[in-house]
Amino acid sequence: MNAFRQNHTTIQDTVIRWSMRFFTYAIVLGVGYILFDIIVKGIPAINWEFLTGFPRRGGSEGGILPAILGTTYLILGSIGVALPLGMASALYLSEYASQGRLNRMIRLAIITLAGVPSIVFGLFGLGMFVLFFDFGTSILSGSLTLAFMILPTIIVSSEEALRAVPQALREGSLALGATRWQTIYKNVLPYALPGMFTGSILGIGRAAGETAPILLTVAAFYLPILPTSIFDQVMALPYHLYILATQHPDTQKVLPLQYGTALVLLFLVTGFNLIAIFLRMRFRKKYKW
Amino acid sequence: MVMSPQTPTKIETLGLEVFYDTQQALFGIDTVIPSNQVTALIGPSGCGKSTYLRSLNRMNDIIENTQVKGIVKIDGTDIYTNGTDLADLRRRVGMVFQKSNPFPKSIYENVVYGPKIHGVKDRQTLDELVETSLIGAGLWSEVKDRLDKSALELSGGQQQRLCIARALAVEPEILLMDEPASALDPKSTARIEDLIGELRVNYTIVIVTHNMQQAARVSDFTAFFYEGHLIEFGDTQTIFTKPLNQQTEDYITGRFG
Amino acid sequence: MIFNSIQRKLLQDKAVRTILLGAASTSILIVVLIFLFLGKEAVPFISKPGISALWDSRWIPVSFQEQRYGILPLLSGSLLVTFLATIFMIPFGVISAIYLSEVAVKSEREILKPFIELLAGIPSVIIGFFGLVVLGPVIKSVFGLQTGLNALTGALLLALMAIPTVISISEDALRNVPRSYKEASLALGASKIQTIWRIVVPAGLPGIIAAIMLGMGRVIGETMVVLMVTGNAAIMTLNPLDSVRTMTATIAAEMGEVAFGSSHYAALFWVGIFLLLITLGLNIIAQRVLRKYQMV
């Protein structure tokens, strides 16, 4: 039967291929433009005074040092809680857990937490830390709220790092009579730790960049003094940008400050993310099992 | 049957060499595959028979970092030139895989996939093609009332026959079969072997098999591969009773492999 | 009994196990606490002014005459923005995922993938800021509006933010399509593009749908972008060029000035509860689809 014409799809295929390229590169272009805009308009605002000085005149002049420090404290606080908690949880799930009901509930809880909107975390932090525990709007409340928010991320990436360690290492150790914990401590953790830390860096990026959770639990806008205790309020980069951009009356005057703040925040978060991506690539190559 | 200068040749390879990255899988293979006959490729695991098979429809092209040297002619034309129409080549040279791989679609959709790709649109033509192909694969009576059911619901043997029907639907001239029955039970295997005997009338068949009894039962000609080299080629009867090469005899009598 | 070193080791092992189990269980504890504390602050609203007050088309919580705590305009704002964002998110996210997974060459992928990950990492407040100072004015002039802060502007930026999620999960789905399908298709003479669109994508469709749902979940839950860019007018409308108010923005904007314990305060917690239920619902459905698909 000669019903078969030839499968001349080359032109059709080329059109489809290029359409697909269009959609893909359009995204790249969009991202690139945003980054370009922030960088180009932010750089003029960056100078030594901006980075190390205190805000003056209600934030329309001066520097953003308190915000940088505040974000730093929040990062340290949230990581201080989320990292040990997350790594311990990942260790349990990866090394000790059976298929029982409790473990399924734990996994369900983690997936659930990952899906909770950031503002709801803010509400939760408000209800529990600020009000119930009476910590007030403070570094403590903010750090704890952020910690709970990034916990799923840390657990998931830590578990991934643990699972990447070949089973053979564990079996060899157990076969020699070592206990579970000895096996993990000596034969699994050392290889998994780099990956676990890498995953945490992504968590740090999130903690540094989120506004909604700290909106209700810690952030102040104009605080030209540095915090003295964890019960103090603090400025933070994302919140600072938000207020500058939306509520400052003299928007024209502060535009360069807005861009400067945005650039500092972008630099911080992107810096963390790039380090994490880079480290992950390097570790994948190094531990090519 | 013995090959004579008058036996029409369907496929011819001259100095065929295949490299996966830097590793050479085939060394200077010269073969002549006669038309409308069943040629079996035997040899131990990793000897290159599947690689050879995949060179005949250029399916090696889709694996990264493969290199093919030499000439492969079908009906006298080299298929490794720049002007080769790959789509048409693969239509004319059908392939059945070791593990059956029906698409997750209906039985009907599986069989018409090929014809549709090659431009057949008329519903009636497609229906006829489906019936003819399924009859040719010996599956029609079992599925004719449930063509719209998922192909994945069929048994292993049925799925493999469906894959054969799928290949037949584009009206190939050559059928390449890579251990088509190795994953099947003896009863299904026997059915496939009978089918091969019937298909030989209209198609040139090249079949890779690790089962020597199968090769002896089913084929007219046999090629013995070992470690990437073609050791011996001849009509099946001779190969299995009076092989010319000592290595061939060792393999056939089970001394290795 | 004297504890020998083996028994000590076993005891230590047991202790470690208990500690780690405790750590892992905190996840469950946190989820419970979230519901608990949201509920605690929201409960007063049930007696005064009563749950049915939420079913109102007006959200006017601060008023001299009559306060209205209708959640409908906020819900409508969230839905409109999400719907629009999804319209942009699907073609760009899914097609890019297909391109990256099936068509792009290795070197291309190694440059593009980090770019997408970078996008995923940009803080939402920066995207919102960009919308405020760049995209908003552009939309304003293109459509000749009073202001560029509306549902459309928000939707465009939200789509951009959700696309990395869609790409990541869709890619997983496509990668899970058995290679044998591709081989069978190519062996029949189909081209690579034909194989992708006729075999691979249909086979990976459940995972792609789950990816879109997870993207939608991200969009609904996003706060800063909508707060800064959608205009904050609590109205019910289908017009993308109107300013709207989402549930997330409402909580963020009003919680700072609300009186603790007031009806307004409790109403905001109800908005939070609704928001949580919707996002969780989406995530659960998406996870179901993913799990069912992976079992096939």
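Letters A, B and C name the chains as they come in the text, with residue numbers starting at 1 for each one.
Keep in mind that, in the parts below, a residue touches a chain if its C-beta (ideal position, glycine included) is under 8 Å from a C-beta of that chain, and two chains touch if they have at least 3 such contacts.
This one's a predicted model, so the numbers in the text were calculated from it and none came from an experiment.
Engineer: Specify the chain with the shortest distance from its C-alpha centroid to the centroid of every protein C-alpha atom present.
Structural biologist: Closest chain centre to the overall C-alpha centroid: C.
Engineer: With chain centres set to the mean of the C-alpha atoms, which chain is at the far end from chain A?
Structural biologist: Most distant chain from chain A: B.
Engineer: Between chain A and chain C, what is the gap in Å from one C-alpha centre to the other?
Structural biologist: Result: the chain centres lie 16 Å from each other.
Engineer: So how far apart, in whole Å, are chain B and chain C when each is placed at the average of its C-alpha atoms?
Structural biologist: Going by mean C-alpha positions, chain B sits 50 Å from chain C.
Engineer: For chain A, what residues touch not just one other chain but two or more?
Structural biologist: 7, 9
Engineer: What are the residue numbers in chain B that touch two or more other chains?
Structural biologist: Answer for chain B, listing residues that touch two or more other chains: 87-88, 91, 117-118, 170.
Engineer: Hey, what residues on chain C touch two or more of the other chains?
Structural biologist: If we look for residues of chain C contacting two or more partner chains, we find 189-191, 194.
Engineer: Tell me, which parts of chain C touch chain B in their complex?
Structural biologist: Interface residues on chain C, with respect to chain B: 178, 180-181, 183-191, 194, 198-199, 202-203, 296.
Engineer: Please give the residue numbers of chain C that touch chain A in the complex, ascending.
Structural biologist: 9-10, 12-13, 16-17, 19-21, 23-28, 30-31, 33-34, 37-38, 40-41, 91-92, 95-96, 98-100, 103-104, 112, 114-119, 121-130, 132-134, 160, 163, 189-194, 197, 217, 220-224, 227-228, 248, 251-252, 255-256, 260, 268-269, 272, 275-276, 279-280, 282-283, 287
Engineer: State the interface residues of chain A toward chain C in the complex, per the touch definition above.
Structural biologist: 7, 9-10, 12-13, 16-17, 19-21, 23-24, 26-28, 30-32, 34-35, 37-38, 84-85, 88-89, 91-93, 96-97, 102, 105-106, 109-124, 126-128, 131-132, 148, 151-152, 155, 179-182, 202, 205-206, 208-212, 215-216, 238-239, 241-242, 245-246, 255, 258, 262, 265-266, 269-270, 272-274, 277
Engineer: Quick one: in the complex, what on chain B touches chain C?
Structural biologist: 57, 59, 62, 86-91, 94-95, 97, 99, 101-105, 113-114, 117-118, 163, 166-167, 170
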